[in-house]
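Common to both upcoming complexes is chain A, partnered first by chain B, then by chain C.
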Partner chain A sequence: MLPLLGLIAGIVLGLLLKIPVPSTIVKYLGISVLAALDSSIGGLRASLEHKFNDKLFITGFFGNTLMAAFIVFMGDRLGIDLYLAAVVAFGVRLFQNLALVRRFYFQQRRWE
Partner chain B sequence: MAKKWHLSLVVVCLVLGLLLATSFNTQERARKLSQTPRKQELIAKIRQLERERDAERSRIAELRSLVSERETRATSSEGNLGEYKRDLDLLKFEAGLTRVKGQGLHITLADNPEPPKGLPAGDVNNYIIHDYDLRQVVNALWSGGAEAISINGERLVNTTAVRCAGNTILVNSTRLASPYLISAIGDQKRMEEALKNTKEANNFMNEVARTFGLVATVERKSLVLPSYSGSLYFKESKVKEGVR
Partner chain C sequence: MKEVLEIIDRQARRTRISIAIICFLLGFLLVTQIKGQMAAAKPLQEESEKNLVELARGLRDEVTIQKAESATLNLQLYKVERVANDKKSVIEEVKKTRDRFVISTGVVGVEGRGVRITINDDRGRLNGIDLFDVLTELRAAGAEAIAVEGQRVNVATSFSRRDNMMFMGDRRIEVPYIIEAIGDPETIYQALTMVGGIRDTLTSSVPGVSFEIATTAMISLPGGETPKYEFARAVTE
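Up next, the complex of A and B:
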């Protein structure tokens, strides 16, 4: 319950603060959001598997988010479209984790 | 353990929400910007600023009439101020802050609405009136002893610039468009001669205008010129004491 409240508070805060983002950074912000989403869903999956590790989750979340932006930034500097790689990698994992979460949920309810 | 577990999730969710909302906001703004092209936005901004300027101008006019009313009242109640009031009126008149009337020249300059025959149609710049054309005419008029000049109702004073801004001409930071009606009060004969004898003005009024089909007419007229309606704001310059 509390995490959900945190999520809502974060969204409201973000909408209210209207943090100005320079157009050059928008791309990195997008990939960070994707990485953050991926980490969260990953955390959800881990908790359902009873493998959830508090420290791993926190470091993974912030580490992934920052590293994703940094790697895309490096790719831009080096002339490699790492943006696509990041989108594909995070995207594939996001959907995989979502599918697993769904499966766990079904198993818990014994609908299968 | 359970408490700690929650705390980390709360922090993560907060950051996630923040990132999501910021990303959403940014995207939304980018979408809005691309929907209203920048040009439209700038035009709207200019319109709005011009409305504000007009409001400020009418306020200036209001305040100036209030000031002169107070001056009149003050001088009528205290007799010894009458002389100062007369000096003040004279200075205002000389500075272009009063309406003036008199005999003078009325010059009409207008763009050619269509490209002149026998010339490539492409370059619009060839058959419109430019800021330097206006300056040449105005300078010729001053040199011919003009006492007061206005262009399309904008009185020229000592801080006035006639300059180009896109496809309009700015006088006293007001945008003017063709036709340009220049009114000049002064000795009619002398001003006419000045227009003929100043090389650039004469060249423009006759040859250039004829070649490119521009309207350029001069007529003698009895004129009324408006007062200067802009602000008088001296921020950097100070009165030098001593020798005048």
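Up next, the complex of A and C:
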């Protein structure tokens, strides 16, 4: 319940605050959001598998988010489009974790 | 047992709080990113007048900055080009001067259009002064480089007759004397063959002398020795 409330509070605050996002950093913020989503779904999967570790989850969330933006930024400076590599890497993991979460719920409800 | 349960409960609560914070951040990030993306993709027509004015002002400032930068860069380019051109022209001038000097001193081989003069002196009546007169006439007619018997003429060149033999410096030269000169062939030809000119003078005043002159499209003259300057010193300003 508490995490859901946190999510809703975040969304509401984001809607209320008019934080200008310069077009130059939209790209980096986008990849950070993807990394954050990946970490969150990964955390959900770990908790369902009873392997959840809060320290690992928090460090993973911040680490992945910041590193994703930094890697894309470095890619831009080096002239290599690492954005695509990051999107593919996080995207694949995200879908894998989502599939496992879905499977877990299916097994729990004996639909499978 | 109660304590253990309490610890577990506390840990679980801490985990839930940390997950809630992360979820809060996730929601906030998601919304911010979506709003940023929407703002970037929003067509200009949908913007309010105030935003459009702001946008236009921003663009105008950007244009001003870019223009200023362009002007600075153009100025820099102009300066660099001018320096490069100056350097180039100085090098060209130095090269030209050097060429002039080395040609005039007669130390390097030269080639070009010119004339070939053949002077025959069957009776051995010509003396050094006569040959020198020919050289003087050639120089006056604009000859840029001269060689006698394949030997370059320079400031130290002298002719003399000793024991009925002609010498150019210390080297003996024999008839027919071949004098080659690089310069405008027509001008030199006219200057030497004009009435009362050097050809007339030599052939009429010295018996047994024949003077033939032919223009040529290409003559190669060898380089000579560097003249020795023992007493003369260059005057520097």
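Assume the second predicted complex is superposed on the first by the 112 of 112 C-alpha atoms of A that agree within 3 Å, B and C clash if a C-alpha of one lies under 4 Å from a C-alpha of the other, contacts with A are read in each partner's own complex, and residues count from 1 in each chain.
Quick note on the criterion: a contact is a pair of C-beta atoms (placed from the backbone, for glycine too) under 8 Å apart; a residue touches a chain by one contact, two chains touch by 3 or more.
Everything numeric here is computed off the predicted structure, so don't read it as measured data.
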| item | value |
| --- | --- |
| Fit or clash - chain C, chain B, common chain A | clash |
| Which of chain B and chain C A:Val26 touches, first, second, both or neither | both |
| Contacts of A:Asn64 with chain B and chain C, given as first, second, both or neither | neither |
| Partner chain in contact with A:Gly43 - chain B first, chain C second, else both or neither | both |
| Clash with chain B, by chain C stretch, listed 27-35, 135-143 or 171-179 | 27-35 |
| Common ground on chain A, meaning residues reached by chain C in one complex and by chain B in the other | 2-11, 13-15, 19, 21, 23, 26, 29-30, 32-33, 36-37, 39-40, 43, 52, 54, 57-58, 61, 65 |
| Sites on chain A touched by chain C in the complex | 2-11, 13-15, 19, 21, 23, 26, 29-30, 32-33, 36-37, 39-40, 43, 52, 54, 57-58, 61, 65 |
| Of chain C, residues touching chain A in the complex | 14-33, 35-37, 39-40 |
| Chain A residues touching chain B - in the complex, by the definition given at the top | 2-15, 17-19, 21, 23, 26, 29-30, 32-33, 36-37, 39-40, 43, 52, 54, 57-58, 61-62, 65 |
| Chain B residues within the chain A interface of the complex | 4-6, 8-27, 30 |
